[in-house]
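In structure tokens below, several structures.
Below, chain A partners chain B and then partners chain C, in two separate complexes.
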Partner chain A sequence: MVASTADTVASAHAPPKPHAGLEWTLALPLTAFFAVFFVTPLLLLVVVSLFADSEMTRFGLDQYAKFFGDAFNWKVLGSTLFLGVKVTALTLLFGYPLAWLYTRSGPRMQSALILVVILPLLTSVVVRTFAWVVILGRDGIVNNLLLTLGLAETPLRLLYTENGLVAALVQVQMPLMVLPLITTLTRLDPNLLDASSALGAGPWRTFFKVTLPLSLPGIVAGCLLTYAASVTAFITQSLVGGGQLLFMPQYIYQQTITLHNWPFAAAISMVFMVSVLGVVMLLNLLGRASKGYIHA
Partner chain B sequence: MTLNRRHILAASLTLGAMNLFPGLSWAQARKLVFATFTGSWEEAHREVIVPHFRKANGNADIVLDPMLSVDMIAKVAAAKNSPPIDVMLMDPGPRLTLIDQGLTAPFPTDASKNYRDLLPVAQLPEGPGIFFQAVGITYNPEKVKTPPTSWDDLWKPEYKGRVGITNMNSTLGTAFMVELAKIRGGGEDNIDPAFAALKELQPNLGAVAPNPGALATLFQQGQIDISPGNFNAIQILRARGVPVEFAKPKTGTIAFLTTAHIAKNTPNAPLAAALIESAMAPEVQTKLMQAPFFVIPTNGKVKMEGDIAKMIAKDQEDLKASFVFHDWSIINKNRAAWIERFNKEIKV
Partner chain C sequence: MAALQFARSQDRKAPPPAAETASTPGGVAVTLDGITHRFGTTTAVNDVTLEIKAGEMVALLGPSGCGKTTLLRILAGFQSQTLGRVVIGDRVVDSLPPAGRGVGIVFQNYALFPHMTVAQNVAYGLEARGTAREAVRARVEGMLDLVKLGAMRDRFPKQLSGGQQQRVALARALAIQPSILLLDEPFAALDKNLRLDMQIEIKQLQRRFGITTIMVTHDQEEALSMADRIAVLSRGRLEQFGTPEEVYDRPASLFVNSFVGSANQLKGRILRNAGGTADVALDAGAVLSAGTFDSGLAEGAPAVLCVRPENLRLAAEPAPQQIPGTVELALPLGPVVVYEVRTADGGQVKVTEPRVAGVPLREAGTPVRLHPVSPQACRVFAALA
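What follows is the complex of A and B.
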């Protein structure tokens, strides 16, 4: 989606090119920055993960063997990846109607909606997360409401549960889903929808046959961002998830900071990174497939 | 020399770099960096230790950088030859790691005025103890009508779903488990009784907090009413009017000594020692002991007063009698295995 936007912009404003072929030098400063501050540490991480013992005296694949040899570690990895799936699915479910509403609203309503969507991004994630601690607590808003309405007899345990965490993450990551969706949906030609209904399709059929497929690039971009952000959301995972729900980010923190077992921490970081990359690549493939679908 | 575009560019880049990295030009004269603890600790150290230190050392420049002990070790270990921190505070577990990894320089005890006045347990040449932390039972007096007197009270059926603990990542969580093992017939080298006891506690567990700070705030949310807790962690809440009190268990208050260390290879070694000297001074520790800080003194010359005298120990003798210390050299050896076991076994 990003690439196609760039193409559109480039083709619309492309003046004659005086120094054709040299534009790439503009990217050099950022490339150098990434090489020094991202690629180098990443390579270091790979090297550290290849030490066989926690004192870092000899090389070997022991850390990886240790990780994959214990079913518990598989469970932590699995539950982290699945947490991302749940959060992404729910964010899409709630975010899509919101983005759609935005495209159907007048300019004033649109400004209001975009403010609502962006506002959370302007507050720190710690503040947003702490609000959820207050909402989900035993004396929190949800429990007080349930008790007052007589829907529950004793306060429910919501804080430090996986469902509470999913709810908090869905809200915290919502802008990452809604913004790409809004971008795609506003670029959708309304004539197509009119054409669809003129040809006899009902609103649902139009949605599933026209709107949804055409918005796939936005969906993929939104899912990608939401997924990557929610599986790695260290702060929200620990503050709302508590001390006994273990996900990969806390696991890495625990091994690095509390136990000083850097090689194992580096190894599980690599495993986590590769797994998330796998999911991201899958989504990307989907995105590419959808592009073919649109241009066809 | 003719001035051209390149010269000006080079000069301005140099100036910019010197501005960004002042260490380039004044390698020896950087500010003293004191890594303290977060929250009320930072506040206390900024208001009491820092002014005393600056007055005694010709207004030397100092910055406080609050973080956890384990984070200090990570930072110093990552830059052994030019540590970004000059003075570090250590809990007993991390302290041993710091010493084992050779990341600290010994404190010059012979030249020190206050060192010999410290309680014997705090006289550690690798880095003297500048305050104690105490772990007892914290509870909400509005919900828990009879003040608890023993760790066993946490298992009372009336606290179903109301007990909070932290996981073993923190010193608090680990110390609680060791104490649990001790009162159930185990100890630092036999943690099994603690895990068995925790299994029995599960119906009562309302929350396993990710860290002691989060645990303390759970009182505010009404999520829990009783928990093992750090005496100092609840003082902020008390000052803000949250109903939370501290009770001494009859088997003793779990105590750990917080030690101050000079980072090895620091360019500021004399000033670092001077800061620790200030932190040991009786007038500093007396002031820190009073409201609103309530920091437990290690200097034998400090007379216990106020809430510390009432809730912790009325004098140094009482302190010796009621404090329980654990052997962190054994704990550190076992801790990785315990944390792994906690990860796997404790599910609320």
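What follows is the complex of A and C.
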């Protein structure tokens, strides 16, 4: 899924090939690496998930039956997938204007904006997440401000809530949304916008009829990356979400490390992976439909 | 020049307006009044005044960076000028956005909306103006018939050839019944054969609609063949505004003379200057009299005499008003022969002679004498310091 996303982000114009037919050998080292360290463990995971008991003595689909038979598991899966939807939607909502502002700015402003956007990528995820703990905590920056301004009488519970988690994830995943958007928006021919306004369209009509449809590939690429990253963001989910909120990565972790129930952990990993892949494929289909006419 | 005659002869046969174009907008006059535009400290357009008549086709001609595109963008309303007024019809449009000026514009790269079909592209302006659906459909069909693209209505722009894309762009611009049509380097992206076809087609459409059209181009042949009048621009200044004949035969400045067509520049000094005719003693060793607009050129002043290659002939026998020289190179180009001739002062002169069957080419090294066919078609300008 990462490969297809990169394809969406980078332009698809390949230069003429000098040694046609042999380029595939360049991919051999990476293929070997993936085979040993990604495909093999994944196959092992499949095998482990097919053990019927936690002692791994006999095969059977009992783990999957157990997962789907319990409403609690459905709820964890559902809330994880929905968390991704909320984070992705908000990231898009905040990221799009930012990317648009970037394309309209002078070179100096552009460097400043790009720095702000990629800054989160330059710091460790643990540091970033703890920064959010400091901001959202009972004695944190937000609560202190609200109390000082008299907007709240007692500190609000922000940390360890889903809304706090969504806010933290939106900030953490912002670059994954903004960078693909910037790529598509800068490639948009400014004459199209001039043509639209000369034909009598106002700024909003131009945006909804021209800019938005033509930036769809960037939107899809950004959503794909943001969604995949936010549903699997174990560290942020655990630290900002705390013990009260349970999402799939934390659930898998508990089953493996705390309860040593490897077959069940493997089974819910498989279910989680397939669900996320399903969403990603759906987005990818959308992207492919919109990509056809862009790279004319 | 063949293109010029072809285009003209086609015009006379232009059919009367068809029924669907009965609501012909007709032309309006356009005035650019003292337009100056500065980007930071550089002046892109410097005090340009143009009065364009209703229904006229005007070419803004000049090399890149001469300010012609800036002028077009100011006319369209994409940019507001630093100084001056733009009048379209009887309205001063300086404070109006592009949509309010009634301009149709065809961009150099056509700027068709890639995610819309041909019909959707043409309908875009009408829908933006809130035209009723049935009226939009009828008008789109009419416009597509006009540019002969009815069969392509459901194709996307990238499925069309360059000429077809340009026709869509034209149909889209004309669909909103603009009072003026702006064309930005309209033929630059087309290959040579297609270019001539599209030039004829656009010229016919323009005549049929009677729409005032302003075209930006760096291609002098395009300007000469298409436009009723040409505005030659250089470094933001208007050098000359006149008919193709005026610009070609009576260039107002040394720049116009060398930019439009090609010109040999012969250095010399003024002997006499009166009544629009100047006698020049050329460094190459002859005295020629030629036309000039510059009555301020005093006796003895350094001057440049411009003579076009097709206005020169080679002669073997001596006669008055001849420049001696030696043939350096002969290029037979089919109907004409181009000779490169070295004059006594070391200058090089190009001569284009019609090819006469059975007459051998003059070989390199042959001494010849040059003389202008029409001295009045030569021009004298002050030499640049």
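As a convention for this text, the second predicted complex is superposed on the first by the 273 of 296 C-alpha atoms of A that agree within 3 Å, B and C clash if a C-alpha of one lies under 4 Å from a C-alpha of the other, contacts with A are read in each partner's own complex, and residues count from 1 in each chain.
By definition in this document, contacts are C-beta pairs under 8 Å (C-beta built on N, C-alpha and C of every residue); 3 or more make two chains touch, one makes a residue touch a chain.
Computed from a predicted model, the values in this text were never measured in an experiment.
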Side-by-side fit of chain B and chain C on chain A, or clash: fit
Contacts of A:L259 with chain B and chain C, given as first, second, both or neither: first
Contacts of A:V274 with chain B and chain C, given as first, second, both or neither: neither
Contact breadth on chain A, by residue count: chain C or chain B: B
Which of chain B and chain C A:L214 touches, first, second, both or neither: second
Chain B versus chain C as contact partner of A:L30, first or second or both or neither: neither
Apex chain A: angle to the C-alpha centres of chain B and chain C, given in degrees as a multiple of 10: 150
First, second, both or neither for A:L149, with chain B first and chain C second: neither
Smallest separation in angstrom, by C-alpha atoms, between chain B and chain C in the superposition: 49
Contact footprint of chain B on chain A as seen in their complex: 72, 133-134, 137-140, 157, 159-160, 238-239, 241-244, 246, 250-251, 254, 256-261
For the chain C and chain A complex, residues of the former touching the latter: 76-78, 97-99, 103-105, 107, 109, 111, 113-115, 124-125, 128-129, 156-158, 172-173, 176
Contact footprint of chain A on chain B as seen in their complex: 68, 70-71, 73-74, 77, 97, 161, 165-167, 169, 173, 206-211, 214, 217-218, 221-224, 335-336, 339, 343-344, 346-348
Interfacial residue positions of chain A with respect to chain C in the complex: 189, 191-192, 194-202, 205, 209-210, 213-214, 293-294, 296
